[in-house]
Structures are given as structure tokens and as C-alpha cells.
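Both of the next two complexes hold subunit A, though its partner changes from subunit B to subunit C.
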Partner chain A sequence: MDIKKGQRRFIFFCLTPAVMLFIIFLIVPTINVFRMSTYKWGGYTDEKTFVGLQNFTKLFQSEKFYQAFQNSLLLIVVVSVITFALALVFASILSREKLKGQNLLRIIFYIPNILSVVVISAIFSAIYDPNSGLLNAILNLFRGSESAPTLWLGDQKIVIFSLSGAMIWQAIGYYMVMYMASMANVPESLYESAELEGAGRMEKFFSITIPLIWTNIRTTLTFFIISTINMSFLFVVAMTEGGPDGSTEVFLSYMYKEAYTNSSYGYGMAIGVIVFLFSFALAAILNAVTSRDHLEY
Partner chain B sequence: MNNNKLAKLGISDKLYKGLNYVVLILLAIIIIVPVAWAFIASVKQDIEFYGNPWVLPQGFYLQNFVDAWEKAKMGSYMLNSLIVTSIALGLLLVIALPAAYVLSRFKFRGSVFWNMMFMAGLFINVNYIVVPIFLMLNNGDKAVRGFLGHPIFLNNLFVLALVYAAMALPFTIYLLSGYFKSLPKEFEEAASVDGAGYFRTMVQIIMPMAKPSIVTVILFNFLSFWNEYIISMTLLTTPGLRTLPVGLMNLMAAQKSAVQYGQMYAGLVIVMLPTLILYILVQKKLTQGMTMGGLKG
Partner chain C sequence: MKKIISLALTAFLTLSLVACGSNTNNGANTTPGNSATPTPTNATEPAETQVLKFAALETAYGADMWKKVAAGFENANPNVKIETTIDKNLEDVIGPSMKSGDFPDVILISVGQPKGMTETFVKDNNVLDLTDVLSMTVPGESVTVKDKIIPGFTDTSITNPYGDGKTHLMPMFYSPTGLFFNAGLFEQKGWTVPTTWDEMWALGDKAKAEGIALFAYPTTGYFDSLFYALLNEVGGPEFFGKAMSYTEGVWQTPEATQAFDIISKLASYTEQTVPANANKDNFVKNQQLILDNKALFMPNGTWIVGEMGSAPRAEGFKWGFTSLPAVTDGGDRYSYTFFEQIWVPAKAENPDLAKQFIAYLYSDEAAAIFAEAGAIQPIKGLSDKLEGDNKLFYSIYDNGTKAAMGAFATTDPVEGVSISDTVFGTVDSLVTKAKTQQQWVEAITKASDSLRGALK
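For the complex of A and B:
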């Protein structure tokens, strides 16, 4: 009996701090996001009025919200398609072909992933600088330096792609290392027998590599959507602050702005709830669309 | 198909291999150049930024670093970052290790529930809940001001470290439990026969064996704590308490108005250097750890 009691005490002692911290800083705030979205509330005052779903109806009539929605969706699509395609191709080259200097290349490709988003934003802001930036200097080699400089972060039509560029630069190495690890598990014998039957590199890539790491691709896809929504927020805060003229406002930057700058916490949290539901819905849809029979190897 | 045709045309594998090198090296250049550019720019004088961005610096203008370190206070921000990161890492290990051990090795009432809760915690996102956390701490400050006379929750490096540790709990517990589960039960049994209590068994037998996963946990969380800026920006409003990424954001803003390019790049190098050095030292462990505990489909 005594042993049982000692064990229970030990478990309690080990688990309590983690559970407390988890509840206070993760569970309670998450519940609060949902609860606060039904209030009209400035945040700093005690004056709170319950308004039900009024924040949400207001939200769906807001043009700014649709703008943010559109920008977020565009970023998700552009960044994910390019990152996935490039990461897969490069991972395949690095794990299939026996090249010299592989390790060094792998080390280099992963560097962006260890840098702070603020650092990356600072570097890219400098590269995109219309006058002293590297990108225009490179372009000027081809188009002559007299032509008007491209405003990478100042032109409403371009700026979202400039952001995408920085985000792809940051993400590509991470997914590459990820896919290389799963490609390493694909048995060499499959490639050998395919080769005997006369399959080329392209065929091997599309009918062996991709199907066999499909589960892994699906997992990363879900993860990627959620992380793109978050990353785009961090990049926007550090690089453009939503400008010029709202053309780079994304979900979370809009939420942050409404909550802090406009002091309408209730409304801000309603945005949070929508984004939360949106990302899960998108992940679920993609999960259903990409589902295939599981392949064993 | 395409490749077969190429082979028939007599274009050998060598050309294909060469093409691979070209593509890979191109990507490596795209990754390396922006980072290297920041390093080079950090030793340029402000006046050098008006000319051609390709020009190498005339000399090592180290005054930029002195200015960034002293005038822009990056030195004191570095100290803040060091304090926050080390406290957060210490707290995290002390709290997460016992919790992960208990959750993965003992069956008790609630073990299934808490395992699931921490798993679900992986999906809770910091960027949404930072607003409610700010409000919670702000309310706490309002409450304690009544009898303490001053706020204690906001603008407190220890509280920030606590929030960091809490945010890292789900992932850390997930990773550590995975490792603990793989250890054979015999170790505990042997320790029990030798008369060691639960606590001693955990500290002296199990923890030393978990060293590889503890290293992974430290590396990953070091990077995320050191690079974090949204929580830090929100919870620390006193300028003197800023952490490095937030300090860099301010330098970026200052550079836009006052044209202190050199200082900004020096600040950037100051933020990036510790992570780069750490990465070069441990890069193998880091990419291995990522595939070990990160996302396995």
C-alpha cells in the first residue's frame, strides 16, 4: 500500500508544474480567444458587453478582412507550391545522385532555417531596397542602370511576391532535409528493378519516389499551411507592417492591429477564431484530397 | 522517357550530373550571398552605401559594431536575450523532463488524458494566444498594484522566460516521451531491487540515458527562444528590457529614418552570429534531431 502512495506522490510531484504551466499559458488563453470574440471590449477597461456573434457579422462585411484573406491565401498557394516543388526536386537530386560536396551543400541549405525571421527580414529589406539593394543591381546588369528602379516593397502589385521570395528562401532547406530523410528509407532495390525495365529518371521520381514518401508529403503539407499562416504574419510585421496601403495585410497582422492599435480586442479575437477555423478546415480538405492508399515498403 | 531519349542521343550521364551541380550550386549561392552580404555590409561606412552595392568595403570599419553595441544598446539586449534564453531552457528542462518521464513510463488515472492534452497542445499557436496572455498579465499587474504599488508581470524577463518554457512544453514533452518509451523497463526494475526510490531512479538512471534527446531539446529550443520576437515585443514594453530580435527591429526602423546602415548591419550580425556558430558546431545533430522528433508521418 505504501508503495502505491509513494508512486502517486511521485507522479503528482513530477506532473504538476508542467500541467499548471500548460493550463495557465496555453489552455486558458486559447479559451479566452474564443470567449473574447463574443464581446465588445477595448481591452484595458472593465467595460465589456456581450454581443454574441456581432463581431463576426461585422467581420464578414469588412473589406479589409477580405483583403487580408486574399493576401493570406495567395501567400499560402505561391509559397507552398514553389517550396514543395523545389524541396522535392533538390532532395531527390541530393539523395539519388552521388555527388561530391553533398554534405557541405546540405549544411548550407539549412542555414536560413536557423536565422531569426527578423534577421531574414532585415536582409531581404536591404536586398529589395530600390536604390542600394542587390536585386535591382543584378537586374541593372541586364536592363541598364538608367531604367527606373523596381520598388520591391513599395509596389502594391509586386510586394506580396517579394514577401513570398523571402519566405521560400527561409523554408526550402527545412523541407529538403525532411524529404531527404524519408527518401533515404526508400529501398534501393525498387530503383534497380525499375532501371532494368528501362525507366528513366523522371519515371523513377514520379512513380517510385513520390508515391513512397507520399505520407510524409501529406504530413508536411498540413504542417506547412499552419506554419505559413504564422510565418507570413512574422514576415509582414518585420518587413512591411501590412503596407503599402494594406496590400500585404495578412490574417494575423490584421488581428494584431485591430486588437492593439485600434484597441478592439473582441473584434481582433473574432479574426483569430476565423483564422483558427480556416486553417483547420484547409488542412482537413487537403488531407481528404491528398489521401491515397497507403503504400508499404 | 525524356532521359532515355537523351541517352540515345549520346548525351551522357556526365552532362546530367553536371547540370545537377549547376542547379545545386546556384541554390547554394542564392542562400549564401544574402548572408555573406550582410556580413560584408556590416564593416562598410555609411557613405559607402550610396554607391554600387557590389563594391567591396574599403576597410574594416568596426566602429559600426561599437555603435550598435553601445549606442543602439545591442550589448544590453544581448544580455537580456542570454538571461531569458537560459532561464527558459533551465525551466523547461526541470519541468518537462519529469513530466515526460511520468507520462511515458507510468500508468495512472489521467495519464491517457494528459498525454492527449499535451499532444493537442502541439496545435495551439502562439501567435493567436499572445493577445490574451498580454491581457492576463496586464490584469494581474492591475491587481497587484493595489498592494505592491508596482506591476510585476509585464516587463519581467523571468515571466517572459516562463511563457517561453510553457510554449515549448508540448513539443518538448512529445519528443522526450518518444525517447523514454523506447527504453527497456528493466532499468527501473533493477534500480528498484537495489533500493532506489522513484526520484533517484529518474535522476540517476533514466536522465543520463536520455542525454541525446536532451541535447536535441536544448538545441531546438535555444534557436526558437533566441529568435523569438512577437511574444517578447508584446510582453516587454520597457526599452531597456528588449531582447535582441526586438532590438534589431528597432534598429531597422531607425535606419529607415536616420540612415544608419552600418549600425543596422552590425546589429544584424550580432543577432545572427551566435546561432550560426552554434549551428556550425552541431549541424549534424540538429538535422538528425529534426527528422527524429520533428514530423514523422
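For the complex of A and C:
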């Protein structure tokens, strides 16, 4: 009994600093965001007016908010699906196939992940340049140099996909390494048995690899949502500033503009609350949809 | 239960990042103003030293001129020490400390900055009334500040944001804005600079035949000066005033329609790649179009010469500058006057000293330091002393061009409504044809209606 009491004291002693930090840096700011979303406040003075849920009412009547919502959702879907698929494929190839220069390829794939968003944005801005960019130069080989240049960052219909390209390029290496780590733990004997049974590469991939790294996949999918919401803001700020004409505005860039440029700090915090609820809901849906029995080996 | 907790933690993390996001760049770059300046030699230095906190946005004029001016004020006032914070990202640097109640005494940052700090202070009634500075005698001189400033600069909707005759923001460095072009190219081609919009379109067709676009713009933000000048041309200052104060029906008048028609037509004559680079990282590529003879005109201010000073350029390139063409033959031509503003937060610790410092900034001594760095103040007679490109730029008003000043009137914050985004930001869509002129006008009307009721 005394030992248990001592253990409890020790655990309490060890956990207290972490819990305190968690409360101060996570719980309190979060509650504060909720609180501030019910005020009309410019951001620099003490003059705050309590407006209840008025900020939310205005938010749901705003076309700009819906555009930001649509763009954020589009980026989450496009970036997540493509990054997830490519990272899995590359991880599988680099883990399972015997290729020359495997280690070099791993490094090359991972490099974008250690580059700053600003650097990646500069690289992609150069690639997307309508006059001197690599992408139009390649396209011109097929369509002729006299044709009108594609405005990768200027055409409202495609600019959001141009941003996706930069985000996917940045993210693939990180998730590829995570999947490779999981795949390394899958026993080789399973693949050998499958081969003896006559299974092909695709069958082994879908029947052995995917089910056995499923837990890892589920975790990374939640990461995708969180990181895409945050990273999309950085890429938008660095590459388009939400333009042209607001066509690349995402949740957080819209929140930032309202809070800091339009002197509507409370309204900005209301957007923050919606981002919170949205990411919570999306993570919950994803958890439910991807739930399946845990396989062990 | 575990799932709910883990989901909650995930979402908490996101929101915490959101909450902390604005404070990532709060390393204040505060430098003592007099570290490289001479120590006052006055032997009778009073025991108590007053500290004046001065914050300025570092612009193309550089930071050194402020250090020299601060040293000049300290020399004249031995009991004063100036702490300067000069930074290219001033809003990020001083914003967090101001949120916690620590305000500089004097701030130089203009309206129209990305984070709208000045507008936020104005909207919050958080700027000190500086009307009495106008009647203060300039330190070391026998004239008042008002006597030195060019008339009109302290009567605009920017300096007097509440329309009550009181000056809350003082005008500092000014620059005529208009259309910049390669005068060398015009000489080579034998083209004349258009004086009416009809001549402008004719020149546009001529240039198009040679593969040159008539028009380019750095970002849509540069349309403020062009649009303000144009509104003055189509309807005169009274109409401009009505438009700026969101008068009901003003955007449906024939004058406004004429302005919208001109901007829409200008969009159709704009180099097609411009919207792709019209952001803060790539706008120089749009400016380069003029230097490379790929476009003829762009709206800009006199700082463009320094900004593109080391950029490559076409052979024989020579800066040219003109006001907007007139809407009718012989009609008024306007050039919008951009000027920076200096102000005092209402919660500044040393408001009286702040006013003395601002008065000193209009002295001949300070003006000479500023002018040396290329920063020209609206002080009577100062433009007569200019040379080179600046002589050409600042003499624009000597040739019959009228000066336009002012901007959209200050309102209480209206959530989700930004008049500048609506009026100017949409130009990208006009160029790419993603929106029609009618959609543009409808959006402006809607935004204007929303802001009318929130006027200060």
C-alpha cells in the first residue's frame, strides 16, 4: 500500500510540470480563442464589446468565408489523397524493390521536407513563372511557344491546384519515411509465404503491406488534416497572398486578414473556432471511417 | 473515450497554433537611437532624462536618416534620449508589446500597410489629436509647423480621419504618383505620351501591333492612386469626396460608370501575365516589364527609381513620368499624392515630448537630413531644391496637373468587408476575365452600403 502511494506521488511529481505547460500553452489559449470570438475588438485596445454569437452569424453569411472553406477543403482532399498515394507507392518501392542508389533516393525524396516553406515557395514561383518558368517551357514543347502562357498562379481556375503541387512536393518525403519505417517491421516471411501461394506484387501490397501498416496510415491521415490546414496558410502567404482576387484564400489566411488587416480581431477568432470544430469533426469522421481490426504479426 | 481525448488533443493543438500564430515574429529589433551618434556636450545636463520611444517602418529611404534626426533632436534637448525601433516588419515587431499595453510615443507607419496597424488605431479612436502641433513653433526656428507645411496636406480624409477638422495623423514624406514609362522607348519609336484616354487606347493598339502591352501594374494595391485620381478626373473633388464617404447611389452615377469603364478597358490592355506575379514576392517582375519594353505604362510612386535601381533594363532606358490622361480633350488631369503619416498613440507615455519631436521633424535641419536620403516632406519650397529624376517627378504639379489627396473614409470595423480588397483587388479578375464589370460594381456597391452605416 505504501509503495503504491509512493508511486502515485512520484507520478504526480513527474506529470505536474507537463500538465501545467499543457494547461498554460494549450488549454488557456484555446479557451481564450473561444472567449474572444464573442467580442467585437480591434486588437490593440482594451475596448471590447461583447456581441455573443454575432461574429458567427456574420461568418455564415460571408461569401469570402465560404470561398476560404471551399479552398481549404479542396486542399485537404487533393493534397492528402495525392501525398498519401505517392508516399505509399514510393515507400513500397524503396522498401521492397532492390534498386541501385536506394539511399540516395531516400535522401532526395526527404530533402523538400527540411526546406523552409519560403524556399519551396520561391522554387515553385520560379517553376510557375508564366514567361520563364519550367512548367510552361515543357508545355511549350507540345503546344508551341507562340501559344498563350498558362498562368499557374494567375488563373483563378487553376491556382489552387498550383499551390497543391508545392504542398505535395514538400510533404511526400516525410510521409514516405514514416511508411518506410512501418514497412520495415513487416516480417519478410509473410511476403515469402504469399509468393509461394502465387501472389503478385499488387496482391502483396494490398493484402499484406497496407493491412499491416494500417495503424500508421490512420495516424498520418489525421496529421494530413492538421498540417494541411496550417501549411496551406504558409504557402498562401508566401506564394499568392490569397490572390488573385481572393481565389486562394484559405481558413487561416482569411482569419489573419480579418483579425489584423480589417481590425476585426473577434471575428478572426470566430474563424479560429470554426477551424477548431472543423478539424475536430474531420478527424472524428476519418477515425470512424478508417477504423478496422488491429492486425498483429 | 480514448478516441475522444485524442481527437480533442489534436484539435486543441490546431487551435493553439492558430492562437499563437500571430506572435511568431516578436523579436523586437530595438536599437538605441544614439549608439553611433555624438554625445551631447551640454555640461548642464538635467538630472532627469526623458526617454522618447520612436518606432518607424523602414522604407526605401533607409534607417540611417532616422538615427541622424534622432541625434539632432537629442543634441537640441540634452535631457532627452530617443529609443528608436526601425524595422521593415514594424507591425510584427511592436504589435505584440502594444497588445500588452507598451506603446511607442511616436509611430511612423502609413495607412495601407498589410496589417493595417494605423487603420486599426484610427478605427479604435486610439490616436492622439495632433491639431495643436500645427500651431507649435518649429524648434530652432520662428515659424509654426502649419506655416511650413504645403496647404492641403493637413486637411485630407487621411490626416483628419474623423472629419471633425482635427488633425490626428501628420503628413511626412510625399510622392506624386502617376504613370511611369520608358521615355527612351517613346523617343526611339517617335511616340508621344497620351494626354487623353482616347489617345491612350490608340497608343495601346499601336503598341500591341509591335507586341508591347499598353499597361502593367505591380499589384492591384497600386490601383488606389490611379483610381482616386481617376475619380477626381471624372467628377471633380466633390464627387471624389462623395465616393470616399460611401454616399448612397454614388457608384451608379454616370461619373462612376465612366471611371469603371476606363479601368475595365485598361484591364483589357494589360499584359496578360501580370495577375500571376501581382503579389508581394513577385511584383518586381511586373515592374520589370516596363524596363524590358514589354509594357508601356505602370502606376507607381517616385520610389520606383530606387527600387529598380539595380535592375537590368532595355538599351536607352530613361524614366518618364506622367499624370493620368484626361477623360476629355482639355479636361483636368490629376496625380494622386501619396504621403506617409506619423502619429502618436493615445496611450503614449510622453505625449508632449512626442509633439515636440514631431514639430522638430519639420525643421530645416531635419528636412535636409531626410532630403539627403531622398525622403521629401510637404514643406514649402523644398521641391525647388531638388535635382535629377526627383526634379521631374515633383514638378508634375507645375504643368497644370492637379493634386488628388485623401482615401476612403474611416469606419468602424465591419466584419468581412474590405473596401480596398473589393475595389482594387478585383482588378486581377477583370484582367483574367474571371469577373465582369457589372459584378465588380455590384460588389463595390454592396461593400459601400455596408460601410456607410459604420462611418466615424
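By our rule, the second predicted complex is superposed on the first by the 269 of 297 C-alpha atoms of A that agree within 3 Å, B and C clash if a C-alpha of one lies under 4 Å from a C-alpha of the other, contacts with A are read in each partner's own complex, and residues count from 1 in each chain.
By our rule, contacts are C-beta pairs under 8 Å (C-beta built on N, C-alpha and C of every residue); 3 or more make two chains touch, one makes a residue touch a chain.
Note that this is a predicted model, so its numbers are computed, not measured.
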Side-by-side fit of subunit B and subunit C on subunit A, or clash: clash
Partner chain(s) touched by A:246 [first = subunit B, second = subunit C, both, neither]: second
Subunit B versus subunit C as contact partner of A:40, first or second or both or neither: second
Touching partner for A:256 - first (subunit B), second (subunit C), both, neither: both
First (subunit B), second (subunit C), both or neither touched by A:287: second
First, second, both or neither for A:90, with subunit B first and subunit C second: first
Winner by number of subunit A residues touched, once subunit B and subunit C are compared: B
Touching partner for A:195 - first (subunit B), second (subunit C), both, neither: neither
Partner chain in contact with A:30 - subunit B first, subunit C second, else both or neither: both
Partner chain in contact with A:137 - subunit B first, subunit C second, else both or neither: first
Partner chain in contact with A:226 - subunit B first, subunit C second, else both or neither: both
Clash with subunit B (superposed arrangement) - responsible stretch of subunit C out of 93-101, 165-173 or 435-443: 93-101
Overlap of subunit C and subunit B interfaces on subunit A (superposed complexes): 25-27, 29-30, 32-33, 43-44, 121-122, 125, 226, 230, 233, 238, 252, 255-256, 259-260, 272, 275-276
Parts of subunit A lying in touch with subunit C, wherever the complex brings them together: 25-27, 29-30, 32-33, 40, 42-45, 47, 55, 58-59, 62, 64-65, 121-122, 125, 128-131, 148-149, 151-157, 222, 226, 229-230, 233, 238-241, 243-247, 252, 255-264, 267, 272-273, 275-277, 279-280, 283-284, 287
Touching residues on subunit A, where the partner in the complex is subunit B: 6-8, 10-11, 13-15, 17-19, 21-22, 24-30, 32-33, 36, 43-44, 86, 90, 93-94, 97, 99, 105-112, 114-119, 121-127, 132-134, 137, 169, 172-174, 177-178, 181-182, 198, 200-203, 215-216, 218-220, 223, 226, 230, 233-234, 237-238, 252, 255-256, 259-260, 265, 268-269, 272, 275-276
Of subunit B, residues touching subunit A in the complex: 1-4, 16-17, 20-21, 23-25, 27-28, 30-35, 37-38, 41, 49-50, 52-54, 94-96, 98-99, 101-103, 106, 108, 114, 117-118, 121, 123-129, 131-133, 135-136, 138, 162-163, 165-167, 169-170, 173, 197-199, 202, 223, 226-230, 244-246, 248-249, 252, 261, 264-265, 268, 271-272, 275-276, 278-280, 283, 286-287, 290-291, 294-297
In the complex, subunit C residues that touch subunit A: 3, 7-8, 10-22, 91, 95, 98-99, 114-117, 119-121, 123-124, 126, 220, 272-282, 285, 413-418, 421, 425-429, 432, 434-435
